[in-house]
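After this come two complexes, each holding chain A, first together with chain B and then together with chain C.
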Partner chain A sequence: MNAVIAGISYRALLGRRRIWLLVLLPVVLIGLAVLVRMISGGSERIAVDFMQKFALGTILPLLGLIAGTGVIAPEIDDGTIVHLLSKPISRPVVAQTKFLVASSVLALFAAVPTLVAAYLLVGFESGIAYGFAVGALAGGLAYAALFMLLGVLTRHAVTVGIAYALIWEGVVGNFVPGARRYSIQQWAQTVADQVSSSSFLSSDLTIGFAATALLLITAGAVLWAGQRLRTFSLTGDE
Partner chain B sequence: MNIELAQVSRWYGNVVAVNDVTMTVAPGVTGLLGPNGAGKSTLLHMMAGFLAPSGGTVTLDGVKIWRNHEVYRSIGLVPEREAAYGFLTGWEFVLSSARLHRLSDPEGAARKAVATVEMETAAERRIETYSKGMRQRIKVAAALVHDPQVLLLDEPFNGMDPRQRMHLMDLVRAMGAAGKTILFSSHILEEVERVAQHIEVLVAGRHAATGDFREIRRRMTDRPHVFRVRSSDDRRLASALISDGSSSSVSLTQTGLEVQAVDFRRFTWLLPRVARDADVRIWQISPADEDLESVFSYLINRSS
Partner chain C sequence: MSEPTGVIHDIGYRHYDGVRLGRRHATVALAVHSLRGIFGLGRTIRAKIIPFLIVGVMMLPAVVSIAVMALLRQKVMAYTSYGSIMQAVLAVFLAAQSPYIVAPDLRFRVLPLYLSRPVTLWDYVGAKLAAMITAMFLLLAVPLTVLYIGELVVDLPDPVKTGNYLAAMAGAAVSALLLSCIGVAIASFTPRRGLGVASVIAFYLLTSAVSTLVSATMESVNNYTASGWALMINPFFLVDAAVHVGLFGADASSPVVYPSGGGAVALQLLLVVVLIALSVIALVTRYRKAAAR
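Our next item is the complex of A and B:
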């Protein structure tokens, strides 16, 4: 962790237009939660369904994509990353710092609003709110790491990231039960299920599997990104 | 400190960008000269640790540069792309560089570096408001902040106005005189001539010439020159010219004579005399190959 790199990364991520996306998505989540609450009248089944599909299934991957790619991809694109990399700082430390920045942004803009949205729906009933907040945090860490890695690996990180979230997790994961084992969204849900006692929240996966998978993906992606940065190359004639 | 390149090549797929280059960049100012697309940036990126050589080795005093972040204690890099964190002020940018180097007095070092490039008055402004030349200078300040022994600059004078250019040239010269190892790339001979004591010429990825700038300059003027001449009687002038040894070929074309001069000085001295003696009036004389490309291609043909 390097404080100077973290400071620059926060300013790059939270300055400019990106902050409005980071603010807008949680506002939509909370706004819709209020609407659902007014229409459904506090039904626990509908609340759990909404949180699964919308909070964990839609908002979290989108925020993950914005924060995860946002901490590194624009700098690689315009070449400013050279300022950080031409310093006597190990490249894995640069990757770890960027990951921590993305994670903390997701804790603030994804996990906290998830807690608020679930609370507005069902209060603290059956630990649902805490469950989804912890699930969103765990999933957020994995998304941050994975999408940051994408940002280091390819110039088309956002496209690849959206394809992963929409096609793999959204479509394949919903129709092919076996694919659910390999989905951050499903792992996050399993964590939520573990914390919450609600009978409407159920998961096909064991918490042991989901927790291990989350840990492996997160740590693996951060390590890989660090190794990739060690061989970061500037191309010759642009 | 010396940067040593030993049989360095770099290729991208089937395209060879740098071909078997061996050179030593020693203390003092070295200019890396070559036309656009010659592989200057590729070579400089390998010296800066931002590109792996496909073959050969690039070392700094015997230490491998690629995948070695410790070299940046001794190297300062000014990349060509002008992008810098636009949301930072110039001061914040240079200070961040000092902090990333973990200097004992980052503020003091940053203040000194900003003063060196004369950017004090604009230091509190955001970089996105800077002109191209100001961005270049603040990047130089950020690269100088840890007082590196080696400074690598990629096309540093591009986009600068004449006064800024003069100032940076003075700065580079002074640092070279102070014993630092400085290498900068450029495609403009005059630029290199004014700053560098030592010139390395790169053409089409190959190391075409090396040496003192006077030596390079002499070789560039001594090459065969092609002139186009229009006169009142091309045929008579042609026969008069070919009888002297200073021209190796003379051809009659629709637009006049094309003369290949092998002895530049003798030819320029001879032409008016020959014309006068033959009673031929010269209307126009123009060099046909004075562009840098043909100068470079001459050098590469000679060296191979």
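Our next item is the complex of A and C:
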């Protein structure tokens, strides 16, 4: 953890135009939760469905993508990462710091609004709100780590990231049940299911598998990103 | 008297006195260059991977359908539902490639250089839009045409659905126009490619998720009119309702019934036109500002 790097990353993430997208998504989430509440009147089934499809299925991957790639990809794009890497700071520490920044931003812009949205839908009934907030936090950490790693690995990190989130988790996951085992979204849902006691929320995976997978992906991605930064070579823009 | 110290050498500089091809030629050249760039032609091999992968995925249902038609002798899907089924892939292509055609020029502030030539601001914006529209149209029209040729060759017992194919091609043109204008307009607001990709995909994911969600919620309280209109938030279903169903009378490709009737179709078409106009206005306003810096 390095305070200066954290400060720079926060400024890159929260300054300028990126912040608008980071604010817009939770606002839409909470606004829609209010709308759904007004129309459906606090039905638990609809609330769970809304949280699964919209909060965990749409908003969380998007925020993860923006925060995860946002902490490192612009610096690589600009070439300013060279100044950072030429300082006597361990590269794994750079990666870990940037991961912590992305996760704290996701906790604030993804997990907290998820809690608020679920509370607006059903209150604290059968632990749905806590469940989804914890699920969003766990999923957010994994997304942050994975997308940060992508940012280090490729110039097209955002495109590869949306292809994973949209096509693999969305389309393939809907048609091929086996693909669901390897999806952060499903792992986050499993965590939410574990915390909540609602009968409308069910998951195909066991909590042991999901928690291990989340932990492995998060830790593995951060470590790999650190290792990758050690042998980083800055290639020109095509 | 001393020798001259500074000498201007005659290095044989010559004026260009050939034909000046002019503004239109420059605009066409810019459009063609942008179109080639969208598919990664004339760029590095790494820039070709993503567009050609997406083209491959778009061709997949057409190839599978032809195989099924040839082996099992039955139709798999209507032409008009091709775009709606593959909407996620089309959206990924739009998001991945529309920032490419606008972001670098904004980021390196080369707009004044373009505008110091006969090309005007409208020419520049028009060329960029034309390139993206053509790319999006090709992405959907080529698989449709391959599928149509396949149906002609396989020669099924029931008649060839030429009307449905033409409706799908018209829909492909309108959706390419609508999506490209919106996509390029959103992408032009940031000089960063990554953020541009994220913004465009956020637009698609939000509209599609919100429309499905609101539509399902309205349906659950038996408000079917509102449910149909909520689906119109998704641009793919808007074009499907306005062009395929409204103008050509094809079957809807969504599970929810669209708002129908002359008034509703007129309103949907108006919505398409207004969205395109707003995007173009936003784009030109953005470029006025960028050109002034």
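Note that in this section the second predicted complex is superposed on the first by the 234 of 238 C-alpha atoms of A that agree within 3 Å, B and C clash if a C-alpha of one lies under 4 Å from a C-alpha of the other, contacts with A are read in each partner's own complex, and residues count from 1 in each chain.
As a convention for this text, a residue touches a chain if its C-beta (ideal position, glycine included) is under 8 Å from a C-beta of that chain, and two chains touch if they have at least 3 such contacts.
Predicted model, so just to flag it, every value in this text is computed and none were measured.
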Side-by-side fit of chain B and chain C on chain A, or clash: fit
Partner chain in contact with A:Val28 - chain B first, chain C second, else both or neither: second
Touching partner for A:Arg230 - first (chain B), second (chain C), both, neither: first
Angle at chain A between chain B and chain C, C-alpha centres, nearest 10 degrees: 70
Contacts of A:Ala163 with chain B and chain C, given as first, second, both or neither: second
Which of chain B and chain C A:Leu84 touches, first, second, both or neither: first
Least Cα gap, in Å, left between chain B and chain C after the two complexes are fitted on chain A: 7
On chain A, the residue positions that both chain B and chain C contact, one per complex: 237-238
Interfacial residue positions of chain A with respect to chain B in the complex: 2-5, 7-8, 11-12, 15-16, 78-80, 82-91, 230-238
Interface residues, chain A side, partner chain C - complex: 17-18, 21, 24-25, 28, 32, 35-36, 39-40, 46, 50, 53-54, 57-58, 62, 65-66, 69-70, 73-74, 77, 155-159, 162-163, 166-167, 170-171, 237-238
Touching residues on chain C, where the partner in the complex is chain A: 43-44, 46-47, 50, 57, 88-89, 91-92, 95-96, 104, 189-190, 192-195, 197-199, 201-202, 205-206, 209-210, 212-214, 217-218, 220-221
In the complex with chain A, residue positions of chain B that touch it: 10, 12, 17, 36-37, 39, 41-42, 45, 48-52, 67, 69-73, 75-77, 79, 81, 83-85, 87-88, 93, 96-97, 99-102, 142-143
